[in-house]
Structures are given as C-alpha cells and as structure tokens.
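Next, two complexes with chain A in common: one pairs it with chain B, the other with chain C.
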Partner chain A sequence: MKTERNGHVYIVCALVVLEFYRLLPLTVLSGNGGSLMRFFLRKTMETESSVTGGYRRRFTGFLRKCMFSVLSMGPVPNHIAFIMDGNRRYAKKRNLQLGEGHRAGFASLMWILGYCYELGVKYVTIYAFSIDNFKRRPNEVQVLMDLMLEKIDELLKEESLVRQYGIQLYFIGNLKLLSDNVREAVERAMEITAKNNKLVLLICVPYTSTDEILHAVEESCQDKLDHSQAVKQTNGSTDHCNQTSQEDHEHDIKVVDIEKRMYMAAAPDLDILIRSSGETRLSNFLLYQSDKCQLYSPAALWPELGLWHFVWAVLSYQRSYSYFEKKRKQL
Partner chain B sequence: MPRHVAVIMDGSARWARRRGLPASSGHEAGVRSLKELVELCGKWGIRILTVFAFSSENWSRPKAEVEFLMGLFERVIEFELQNFSREGVRISTIGDSSRLPKSLQKLLNKAECSTKDNSRLHLVVAVSYSGKSDIAQACKSIAHRVRDGLIQLEDIDEELIEEELATSCCEFPCPDLLIRTSGELRLSNFLLWQLAYAELFFSEALWPDFGKAEFVEALRSFQQRLRRYGSRES
Partner chain C sequence: MSSLAIHLLWLLIHLVISIFFFVLKIANVLESYLISSGFLKKYESINVGKLRYLAVVVDSEDALQINKVIKLVQWLADIGVKHVCLYDNEGILKKSKDIILKNLSCVKLFEEGDEQSLRGKKTMSLEFASQSDGKEALAKAANLLLKKHLKLRSLGENQEEKIFTEAHMTEALRAVGSGGPEPDLLLVYGPVRCHLGFPAWRLRYTEIVHMGPLKSLKYGSLLKAIYKFTLG
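So, the complex of A and B:
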C-alpha cells in the first residue's frame, strides 16, 4: 500500500515534467498560425535528427516507462474506448482550417494509442464517426471521409504504429452507409491486418449503439425465423404446433443471443470510456457495453489530451477496481 | 428544464457505514431524499422521474438486506399511495417483477392502477431491473411478432425496439438528464438504450445527502450544456 502510494507521488511529479515539455512548444507556437503547428506536430511524430531532440525524447520516454511500470503494479485495463470530441473547437481556438483540427486529432490519437499499448491495454475502441454525423454539412462529412482514406493508408505503412505493434484493425458499424471507395479501403485494411494478433484497434465508423442493437435484433429474429421454418419442415405440419411451442421455449432469445450478434462481439467487456472536451454524455456510443465501465470526461479537447489524462483515467480505474473487488468478495 | 430525469440512488449503505449505523438506516434515510426529490420535480415541472431502486445485480446482496429492502418498498408505497393521488403522481414500475415477493407485486399493481390517471408527475421505479435484460425482452417480443406474422422483418427499426422496452409506459421514454450520486462514474446496467443522448451528471454526495441544493446544481449543469445530437450548432 505504502509502495503504491509513493509510486503515485512519483507519477504525479513525472507528469508535471512531461506536461512542461509537451506544452512549452505549443504555447510558444500558438501565436504563429497553423503552419508552424503542423511542422511541430509532424516533428514530434518523426524521428528527430537533432541531438537535443533525441535527448528530450529519450528522457520523456524513460519517465513514461517508469510511470507505466508503477501503474502495472495495479490492475491494467484490458479495453479502453475513446470519444474523440473537440477537434473542430481546437481548430477554431487556434485559427486553423477545419481539416487541420481533425489532423491534430489524428496525431493525438497516435500518441494515446502508443500509451495504451505500451501500458498493456490490449483493446482500444475509438468513435471515429457517428451515423448522426451524416447530418453535418456535406463538405465537413467529405473532409472527414477523405481524411479517413488518407489515414487508413498511413496506418498500413511499414513504419506505422499498426505494423510496429502488430495491431489488428476492426471497422465497427453499418459499413453499408459508407461510400464505395471508403468501404473498400476499410475492408482491405481489415484483410491486411487480420493475421495480427497482439493488439486490437476497433474503429467505429459509421456507428451508433442503437443501430448496433437493431442489427443484432434483426439477425436474432432472422435466425429464429430460419430455425422455426427448419423445425416445421423436419417435423411436418401435424406435430408443428406442439413442437413449435416447446422448441420456442428452449430457443427463446436470451441476452447472450443478442450479444454474440453485436458488432462489438469481437472485443471483451469495456473497462474505461473516456470522452474528451468535457461533455458528459455517451452520444449513442457503446451504450450496451458501458454498463459496468468507468466513465471519465476530462475538459481537454481531443488534440490536447495527453499522458496526464491517460494516467489519471487509469488511476481512477484502479481506485474503483479495488472498491468493487472488495464489494464482490463481501457477497 | 429537462422533461425526464433519471436517478441512480447510490450511496445509502456507505452513508450508514460512515455513521456506524446498519445499512437499513441508510436506506430509510434514502427514502426521505426520494420524497424530497419527487416533491421538487412536481413543483418544477419535470414530467417524468425514473429512479433506480433495485437492480438485477442487487439480488446477490446479503439476504437480510434484500428482505429489508423489499419490506421497505412495501411500507413506503403503502404509506405514500394516498399522497400520490393527492399530489397527482402516477407511479409505474419497470423490471422483472416475477422475482419480487407476491405481496409486493400485488401492491405495485394496485398502485399502478389507482394512480394511472394522475398527470402531474410520472414516477417510474426500476425494481429488479437490468438494462441488458430490457433490451433482450424487447427483442424476444419483436421476434414473436415476426414469427406470428404480425410484423415483417423489414418493419423492425429503432422506434419499434423503443416501443417494446419497459419504458414505453412513459410519454418521453428517454431521460434528458441522468444523475448518479456517491461519486461513482458508472451506469451500472441502468437504461442503457434510453441513455443514448442523456446528459450525465455525477454528484459526489451520497444519496441520503442529496437534497435541493445538489439537485439545483445538477439542473444548472444540464442547462449550461449544448446538446448537438451529432450535428453542429449553426
């Protein structure tokens, strides 16, 4: 207990130092427009050739590894989901074009994914595009679809996170609503990464939870109909009525029948759901799966979400985990 | 003002433990908080109040606590029935009532019938309720209707599912605001479908300490939020 408490103090100190390094360039560049911001974001993702940059990276990497070692002493969440809210507000705040806000959001996503997988989180789910988002202006929807195509290509490149960590990609949602070229890219990405088996990234696009449940209900009903017809053909019409009611009782739809037909059946129970930008609502995301998970809604806009927020979410999860484990043992 | 407020009344047992009292005292104190909330909702024009009184997971609590809670529900409803009629409160229950004691089932039926024409506030009490089971029973019901030829497979849509959920007894089945007390940041299998666009408010106060001030704070927070439903504000 004392070791864990000391560990948490070290984590807090390390986070302060890391946040200083992360925010200093952003505050310096905020008055200089979008081009310098893009340059910096690109540089933080690429291998830095300068000596100073190399030392900085190694130092922050070392601090982060220490923090994650301490966190790993407690329960590590297996599945975290993110509602990546706030890209547009970020762009407006920094006088960037709309697309630049989403690009900054993608860069933030890469960092967060890196943290997740480094800590040992096996499944990460992201809310990339809601079915409700089709109500937005057509040009914004087009920008998002174009960005998605661009980023799918990037994710499949040799030097990307997906290749580095051996991540399997799942695209979750009503894929029929996507335009042909996006759907093809999505299916190709899933095919290429199907053999990866270390880590999983579930990208919800275009998705709503109610649509997912509707799809599961439709499939369950279809299966039940098919089964009833098969029984009718096997048993003949005279025994049909008695057989049907008996078979119906045994094969009545249960919770497990719906769950196995959900798009998200590929992933285990959700441990933490994080929504950025301070909004505290689910917006029709993973309603069914979030029944027992920890919810966290930091005020930071998605491109501003950093290691601090990630570690805080995991710490809150670990605090509640002990409480619920204790409660479970009391029963 | 939200039309429909839902509340997860969490923290009664912890409240009692902190005072060195038995859990039953916490639950009794919780009833007082509920009465105050019902009064405030009626006064401030909130049309529906749904409260999570007992979840399907709660059946695994110690037998003595479960029996006490069942007894408490009976006593409170019996006692408050006249008040409900006088104050125009309609009471409904959602959840698997087959697991409840027969006497409580009878009383709940009687309460629902005798208050069904009241229209000032609709109090929905979730007892032995599970959001997942609610969705499963809606699915089962739809499957039976398809099997019996009452509807076609193509007729199944989100509206149909919503009509089959237990909350279809309400004029507005989906809460605008969900409040959970005791600082826990979870939904705990409550109204999963119905909370798609609800604003969530997590109060640090334990349920017996949740009073007018805390409710006002939750309502203020709700009123400051911008609800976009996936689109953009113009």
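So, the complex of A and C:
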C-alpha cells in the first residue's frame, strides 16, 4: 500500500512539474539542431542557468522515464499519427512572425518524437503539408518549403537525433508536386536514413488522402494491365473471347490490390490519430487508414502540445485496446 | 517485485481514470436532462439550416438495438435535419432498412436529387451505408475506371491523366451505388471515438463527434452536439 501511495504521489508531482516545464514560454530556436539531450539541455539553460536547474532537469527526465515504464505495463501503440495544427494561431497569439510559429511547431515535434522513442512507439506519421496548402499565399508556401529544407539538413547532421537514435525518414505523398531542390533533398534524406530501424518517421508532404487513394487506384489499374499483358505473352493468345466470365472476375481489382499500392502501405495499422488545436476534422488525412484507430483532439495548439497530452492519448488508447483488437479479429 | 508494484500502479491509474469518466458521465446526463427540459435557453433555437448533411455511425453491436436507432432518427427528423446517413460497419442497419422506415414518420429513403426536391418540405431523406460502400466500393469504382481506360486505349488515345481524376472517381462511385454527399457532421455512437470505416472518399472535412454508446442515447446531448456544430 505504501509503495502504491508513494508511487501515486511521485506521478502527480511529476505531472505537475512537467506541465509547468512545458508551459514555460517556448523560446524560438535558432537554426542549429542538436541531439535530444543537448536540445533539452539548451532549453533549460535558456530559462534558468543555476545549479538547481541541472538537478531539476535530471529529476524531470527521471520522472518521465518512471511514467513511461508504468505506461508500458499496458499495450503500447505501435503507430501514432499527428496532425500538427495550430502553428499559425500560436504565432498570432504570441505576436511572432509567420515562420516562427512553424519553428515552434518543429521544436514541439522534436519533443513528441523523443517521447515516442522513449515509450517504444515504432512508427510516427506527421501531416507536414497538405496539397490544399499550395492554395495559401505563395510567400507562406515558400517559407514552409525553406523551413523544410533547413530542417532536413539539420536532421541529417551527425549529431542530430535522427542519427543518434536511428530514426528512418520516409516521405509520403505526391512528391512530383514539390519543387526540384526540395524533392532532391527529400530523396537524399530517405536514402541516407534508409538503414536506420529504431523508429520510422513518415512525413506526409504533400499529401491528401483522396490523392493517395486515386494514385493507388491508378497504380493498381496499371498492375492489372501489366499482368494481363504478361499472361497474354506467355499464353500466346490474343483472343479476348476465350476468357470466361469467371476469369474476368479474377482479374478484377480487389481491395488488397489497392491497399498494396497506397503510399502508407509502408507502415502498419494506425493506432492513434492526434489532431491538435481542438478541431475534430481529419482534413483529408489518413481517411482510409483511420477506420480502426482512436481519434483524439486535444484543445492545445501544436506548439503547446506536451507530455501530459501524450500520456493521456496513450492511456485512452489502452482503455480502448480490447475493443479494437476485437474489431481487427472480426476481419 | 518492483515490476509487480509498477503493474499495480498502472492498474491504479486506470482505475482513477475510470472513476473520472464515470463522474463525467453523470455530469453529462444531468446536463442532458437540463437541455431536454428546456432550462438552458440557448438550445431552444438552433439554426439547423447550417447542417446540410448529417451522418451517424453506429457500432455494429449497438446497431442491433433497432428501437434506439428508430428513436434517434425520429429525433433528428423532429429537430429539422434534412438529410441523414446511417452507417454501421457490418450492414446490420442496411438489412433492417424496411423495419426502420416503417416506424418513422416524415422520412423517406435517399435518392439522387433529394436536396432539390425536398427543399421547403418537412420530409427527411435517409441513406443507409455499410462497409460495402467504403473500401469495397472503391475497388468497384477502380474496376469501372479501368474499363474506361481500356476502352479509350483501344480507341488509340492515351488519356491516362484524364481518367484518373478525383471528379471521375466521384462519378464512378456514384455509378456503383455508393455516391452520396459529404457529411458536415458525423456522430459516433459507440464505445470509442472512431469512424469505423465510414466511406473515406466522403470524410474529408467532416467534423467527427463522439456521443458515447447507443444505450445511453439522450436527446439533450444530441441537441448539444448539433448546436455546437452550428456555432462553429
């Protein structure tokens, strides 16, 4: 009983401390990236530089690890997706420049990635840029593309957390819509990180679910055509009338054919889909893949999303785990 | 020993959360009674015109409670919603289509062109959907597009870009019987907040709200969800 009560007190203290830590004004990061540890180090140093700061850092890190070891007693999600909504509103709220909101969003992403890695989540998908976003003002689109290039370069540096923690980068979407320099950087990033296997970060840019479905349909049509060409060549027959109606149906496109050709076929089933800033829409993101996953919409804007929201998402997932397992078995 | 203590801690946290949800449920029930008895004035006038198309997703096990479903649809018709789509993954609601329609007043089965023909009338149009209108319909539509593509190819024209567009896909889905407008609001009646496979092609910008299990169906919470949507 005493251990439980002490443990409960520790958890409450941990959550209070961590929430306070999270609510400290996010200082805008300068261009240099860093490893996860150095990242946390620099953040704390920016806010307080006394000796106690060092102890508090170690203490909160220790408490977070305790929290995650408790969480891992139950089912841990394998694949989490995030709609990173609210960067522009955050910038407006704090009277920052347009790009600074997105930079704060990137910082938040690094935090969340760290939590996912520590908990043992294997696949993280993020909605970085929608095809609809191309309709925004051109200078904003340019700011986002420049930021993406900058962050890709940063992540590929030797001391970045991508290298140190073995994160594989995978870019999902209609890459043909990107400008040449961004596409080259993206392809290079995928090539360099291809061998990492601790965590896979799927970055959806530029992506919409309807575009993905359409692309998968087009590819599976092409597959069927190629297949029937190959069959004709081996049989040496060009007579359509010989085909019975049963054979016709065998050559029909099936659901598995389309699913094989989806961009997201590289990742396993989705477990949780989190959209920040309280909106309850999916905005054309993973509509096909989210049929058996928990949807969670915390009211916090993306740069304000913290450990507490993440823990709550995982706890809600654990509560509904048996329901989803039952649904999956019914298939 | 220590892993046992951690496991007990985990169970304790989940117990605390369950108690929290239980208290929240009681608060929701109270609020719902206040709303249905008319104490909260703001829910009396709802601008239902803003809600053009509503979809309701019911968990397949809950869908067996046909009386609750009938009650829900009748409430929606009384509130003034014009078009409703009832979805459940296994098609139980589709099979009980006739029973449901028989027990409702001022409700008819959905047909193309209902949006124009029912304007100004009190009738509500009701559509039934299931898994066969979701992923399977996409496969059927894909086959339709493939046939079109083959036809154009045999005529000697290379029209790939023109066949595989979103507009053509929507048209193909309509041709296989799974076309339907995109809902503005989706209410989920089930244990978990999840759309359970509602046709992906129609879910792009739909607001998804979780209402709880069907057995705790309340008029007040339904009104509140619609009111919140019309505000936003």
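Just so it is clear, the second predicted complex is superposed on the first by the 269 of 331 C-alpha atoms of A that agree within 3 Å, B and C clash if a C-alpha of one lies under 4 Å from a C-alpha of the other, contacts with A are read in each partner's own complex, and residues count from 1 in each chain.
Basically, a contact is a pair of C-beta atoms (placed from the backbone, for glycine too) under 8 Å apart; a residue touches a chain by one contact, two chains touch by 3 or more.
As the structure is a prediction and not an experimental result, all values here were calculated from the model.
Upon superposition of the two complexes on chain A, a steric clash is found between chain B and chain C. Looking at the shared chain after the overlay, A:70 reaches chain C, while chain B stays out of its contact range.
Applying the stated contact rule after C-alpha superposition, one finds that A:265 touches neither chain B nor chain C. Within the superposed three-chain model, A:147 lies out of touch with both chain B and chain C [touch as defined at top].
In the superposition on chain A, A:137 makes contact with chain B only, not with chain C.
Look at A:318: by the touch rule set out above, it reaches chain C but stays clear of chain B. By the touch criterion defined above, A:98 reaches neither chain B nor chain C. After superposition on chain A, the stretch of chain C that runs into chain B among 7-15, 25-33 or 61-69 is 61-69. Shared interface residues of chain A (contacting chain B in one complex, chain C in the other): 208-211, 213-214, 217-218, 220-221, 224-225, 252-255, 257-258, 279-284, 287-288, 290-296, 320.
Of all residues in chain B, only 60-62, 131-133, 135-136, 138-140, 142-143, 146-147, 153, 156-158, 161, 184-190, 192-193, 195-202, 225, 227, 229-232 touch chain A in the complex they form.
Against chain C, the residues of chain A that register as touching in their complex are 3-4, 7-8, 11, 69-71, 73-74, 208-211, 213-214, 217-218, 220-221, 224-225, 252-255, 257-258, 279-284, 287-288, 290-296, 315, 318-320, 323-324, 327. Of all the residues in chain A, the ones that touch chain B in their complex are 88, 130-133, 135-137, 140, 208-211, 213-214, 216-218, 220-222, 224-225, 228, 248, 252-255, 257-258, 279-284, 287-288, 290-296, 316, 320, 331. Against chain A, the residues of chain C that register as touching in their complex are 5-10, 12-14, 17-18, 134-136, 138-139, 141-143, 145-146, 149-150, 160, 164-166, 169, 191-198, 200-201, 203-210.
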